[in-house]
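Each of the next two complexes has subunit A plus one other chain: subunit B in the first, subunit C in the second.
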Partner chain A sequence: MRALGNWAIREWGQLAYPTGLFWASIVGLLKSLTRASLRGKEITKQIYECAVMSLPVIAFSLGIVSLMSVLEFSWHMKVVLKQDALVPGFSLILTIREVAPVVTAMLLASRVGASISAEMGVMKITEQLDQLKLLAVSEVDYLLIPRWIGCIVANVTLTLISIAIAGIVTVFIAARWMGYQPAEFYNSLLLFTTGHDLEGALLKALCFGTLIPFVSASYGLRCAQGSQGVGDAATQAVARSSLLIIISDLLINSIWWMP
Partner chain B sequence: MPDLKELMGSIGNWFLFSKRVIGLFFREGISRKVLIQQMYQVGVRSMVTTCVAGIFVGAILAIQINLQLKDFGAQSFLGGLSTSTTIRNLGPVLIAFLLSGRVGAFSSAELGTMAITDQLNAIRCLGLNPLAVIIMPRLVALTISSFLLLVLGLGLTVFGGIIISSIYLNVNPLQFVSHIPQFVSGSSIFIGVLKSFLFGLIIGTISCFVGYKTTGGAEEVGRSVRRTAVVTLVSIIVIDFLVSFVVESVTQLIMS
Partner chain C sequence: MLELKSITKKFANKVVLNSVNLRLQRSQILFVLGRSGVGKSVLLKTIVGLIPQDRGEVWINGEKTDPLNEEKMVTVRQKCGLVFQMPALLDSLTLQENLEFGLEGNQKSGLRKYLDWVQLSEGVLSRYPSEVSFGTQKKVSVVRTLLREPQFILFDEPTTGLDPVSREVTNQMIRNVVKESETGCVVVSHDIQSAIELANSIMLLDEGRVVFEGTPEAFRNSDQGLIRSFCKGMVVLDA
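Right after this comes the complex of A and B.
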């Protein structure tokens, strides 16, 4: 019982720190918007680092995932409904609602999240963070806000791009291997999907894009001394942010698509 | 194309590395005590993550499949279809994503720290082979325990689906379970287990390989972690596709 209580308190503490950072950054963002002192160059650099550098990996992965999901769905539909006329539309809808946002966010969490926490960890153990404090520069304003904006932009655009890629791959495969007409495919797609689904995917992307930098930064900023500490911080950041992605995904699913 | 050349080079290196370590395992065996110790370290630490992941993945997919079936008015198939999709396809992938972030990244950070602080060289100085002493037990333990954790997570996805559909989607548990045997055959479970084993092997070999090859300073350890995480995710996706593709082609060959 006591162990359970200790565990709960520890986990609560783990969640409280990123939340604190989140509020601090919102306040910082509002302040810097009023003073018009956002670091434009740094933000552009972060968007480049997060979005453009992750594009090839994510495009490749999503292409393969949507291929696989067409294959699996055609198998299921043949067994279940004894008809496979709706397969491509069906599998693409699952990709739009669920697979594209989650897979993109997982890949970003392991690429961007780990590098944010490793970078901040190295800055901490080489005392660069203390120097920032000495210069009266807030680490939230200086480091975190550009990464936050970069991550959100990256996640939203990459989710859209991956949905588009999934659409193209699915149409191609359906036309090539299974003999559907592209028009038929889009008909079945429009029959089942609405703008609501796309908005849901974007909401997911926004939420995951906020989650990744704050969780990773919270581990990086509290990194223990030594090279072991940096490795630990990066590992914890990846593990924790992917777990939180899954949990918040369930929350968004159950709220957004309320039956 | 220097990038492509580099990529091919590292794939080849990874393959040779895995071959050498797995060969060592078959030639020299492994002491049971070391294996159990390593598996305990890897497995127990990730147990909670895997359980949470399994339950949540099952729940998420039940909600999504329910949305799709609602359009057909075929909600009674929910149990069978969501369980089947989860076990065959998306369940192993999503749980392996979480596990690779936790288990794979951790062991590559640990091995990377050992490599950059010359601990592996110290073992070499003692006249021992670091591949046999440090890497091989870890790789085997990682593979086995990831495999067991993935199978555990897959089992728990069914519970996740049952819980969410009874409290949220108004499908009672009996109705949910009664359709499972209709869709989930032995071959689906076999595919799920096969995928779990291959993902375990991928997580084990890639994290050990990247950790072992780390050189430089503290920043390199962070980079190794990142590289492990990304490479593992992409290879999991690719392997998943290949298994599905091969199985599909084989069944079509048999059917026709």
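Right after this comes the complex of A and C.
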């Protein structure tokens, strides 16, 4: 019991540093907005790196996942209820609420999170971070804020694209194998899905898109010496981001959709 | 004047600097010698507050620095520049962007002259750090500091890993900056030859302490064991 308590306290303590970075970034962002000094070039580059480069793998994964979920649901429903009329609607609401935001964020965490922490880790061990200090440039302004904006933009657009892809795949399967007309399908969809669901998905995208850069940066910026240190930082960044994505997913679900 | 008063620094119970004192006037060159791992780089980093000391004080022009106050350290770092042992260029920027990074408009005027001093052509500046040699990176990192025209410059092994020609160029650059801008220089080095040629005074660190401080002549004529073996290295280098 005590060991469990200690563990919980230690894990909680791990969050202090990324949270500090988060507040520093909010302050930095407000300051640079008032000075109109955001680094446009750097931000564009980060958006490109995060969103465009991750698009193929995320589109592919989401297509496959929604295909599987429709077929799987359909099989179960046929066994139990002898019909699968509601399946496309069920499947899509699951995608919007859960699969699209979480799978997108997980893939982004493993791609972008690892790269953020490794890049910052290398900058730390090659004294580039020290050099930033000497040049009186804050690492939060220069490194973190562009990556944060990049991750948010990437995660929101990729989540929306994922939903769209899942929708198309579902329509296709419904029309091809379940004998739906697209219009009919659309009506069955509206039975279950509301704007509230879509807003929830966006909320998740915002939250996960914030979580990934700050958790990853917190490991990169505190990276230990040597290539081992950089490797550990990247591993930790992905593991922690993924864990926190799942925990915050649970929290958002319980606030957003519970009666 | 740059002054350190009994600086002490421990890392996990290992005393790296043990009550180190140092004084440097402007237009003076102080060479700091010592075996690898003795704490020379740590010493330079404590001066600019990148590593806060455990005990002791750093005074620059009669003002005591406070390494825990980042805002005040900004002005300290403007007065006292540090050129790292490794070039530490930002690798997402070109050499030109590295030089101009965080610089104010009027500080760019000296660029030509400083590139001349380290014998770099402007053509190379459009490249990225990974596309040029170590020596070029090192020269760029020197120019980056020179552009800010600090009153004191700390060089961490500026000639280590360079060919003899670049070494001579670097030494000449140090002479120039002292002569033209009355800059005070602390040079950490393993290069006894350069130390004896350039230095106004030489300081030898061993096991966290200053074991010798004096003029190059006194250094050469000393009969301390460690100094003798340092100078023997020089003779071998000469041969």
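Simple rule for what comes next: the second predicted complex is superposed on the first by the 247 of 259 C-alpha atoms of A that agree within 3 Å, B and C clash if a C-alpha of one lies under 4 Å from a C-alpha of the other, contacts with A are read in each partner's own complex, and residues count from 1 in each chain.
We adopt the following convention: a contact is a pair of C-beta atoms (placed from the backbone, for glycine too) under 8 Å apart; a residue touches a chain by one contact, two chains touch by 3 or more.
Everything numeric here is computed off the predicted structure, so don't read it as measured data.
> Once the two structures are overlaid on subunit A, check if subunit B and subunit C clash or fit side by side.
Aligned through their shared chain, the two binders fit side by side on subunit A.
> Which of the two, subunit B or subunit C, is in touch with more residues of subunit A?
B
> Report for A:130: first if it touches subunit B alone, second if subunit C alone, otherwise both or neither.
second
> May I ask you to decide whether A:75 touches subunit B, subunit C, both, or neither, giving the answer as first, second, both or neither?
The first partner, subunit B, only.
> Mind working out whether A:67 is in touch with subunit B, subunit C, both or neither, as first, second, both or neither?
In the superposition, A:67 touches subunit B alone.
> In the superposed arrangement, which partner chain does A:212 touch: subunit B (first), subunit C (second), both, or neither?
neither
> Once both structures sit on chain A, report the angle subunit B, subunit A, subunit C from C-alpha centres, rounded to the nearest 10 degrees.
Between subunit B and subunit C, as viewed from subunit A: 100 degrees.
> Would you sort A:192 into first (subunit B), second (subunit C), both or neither based on which partner it touches?
Touch partner of A:192: subunit B, not subunit C.
> After superposing the two complexes, find the smallest distance in angstrom between C-alpha atoms of subunit B and C-alpha atoms of subunit C.
Value for subunit B versus subunit C, nearest C-alpha atoms: 12 Å.
> Based on the A-chain superposition described above, do subunit B and subunit C contact any of the same residues on subunit A, and if so which?
After superposing on chain A, no subunit A residue contacts both subunit B and subunit C.
> Looking at the complex, which residues from subunit C come into contact with subunit A?
So the residues of subunit C in touch with subunit A come to 45, 48, 50, 70, 73-74, 77-78, 81-82, 84, 86, 88-91, 101-102.
> Which residues, counting only subunit A, touch subunit C once they are in their complex?
Against subunit C, subunit A makes touches at 123, 126-128, 130-137.
> Where on subunit A is subunit B touching in the complex?
Residues 57, 60-61, 64-65, 67-69, 71-72, 75-76, 79-81, 90, 93-94, 97-99, 102-103, 106-107, 109-111, 114-115, 117-119, 121-122, 125, 191-192, 226-228, 230-235, 238-239, 241-243, 246-247, 249-250, 253-254, 257, 259.
> Show which residues of subunit B lie in contact with subunit A when the two form their complex.
Per the stated touch rule, the residues are 49, 52-53, 56-57, 59-61, 63-68, 70-72, 74, 77, 80-81, 84-85, 88-90, 94, 97-98, 100-102, 105-106, 109-110, 112-113, 116-117, 164, 168-170, 183, 217-219, 221-226, 229-230, 233-234, 237-238, 240-241, 244-245, 248.
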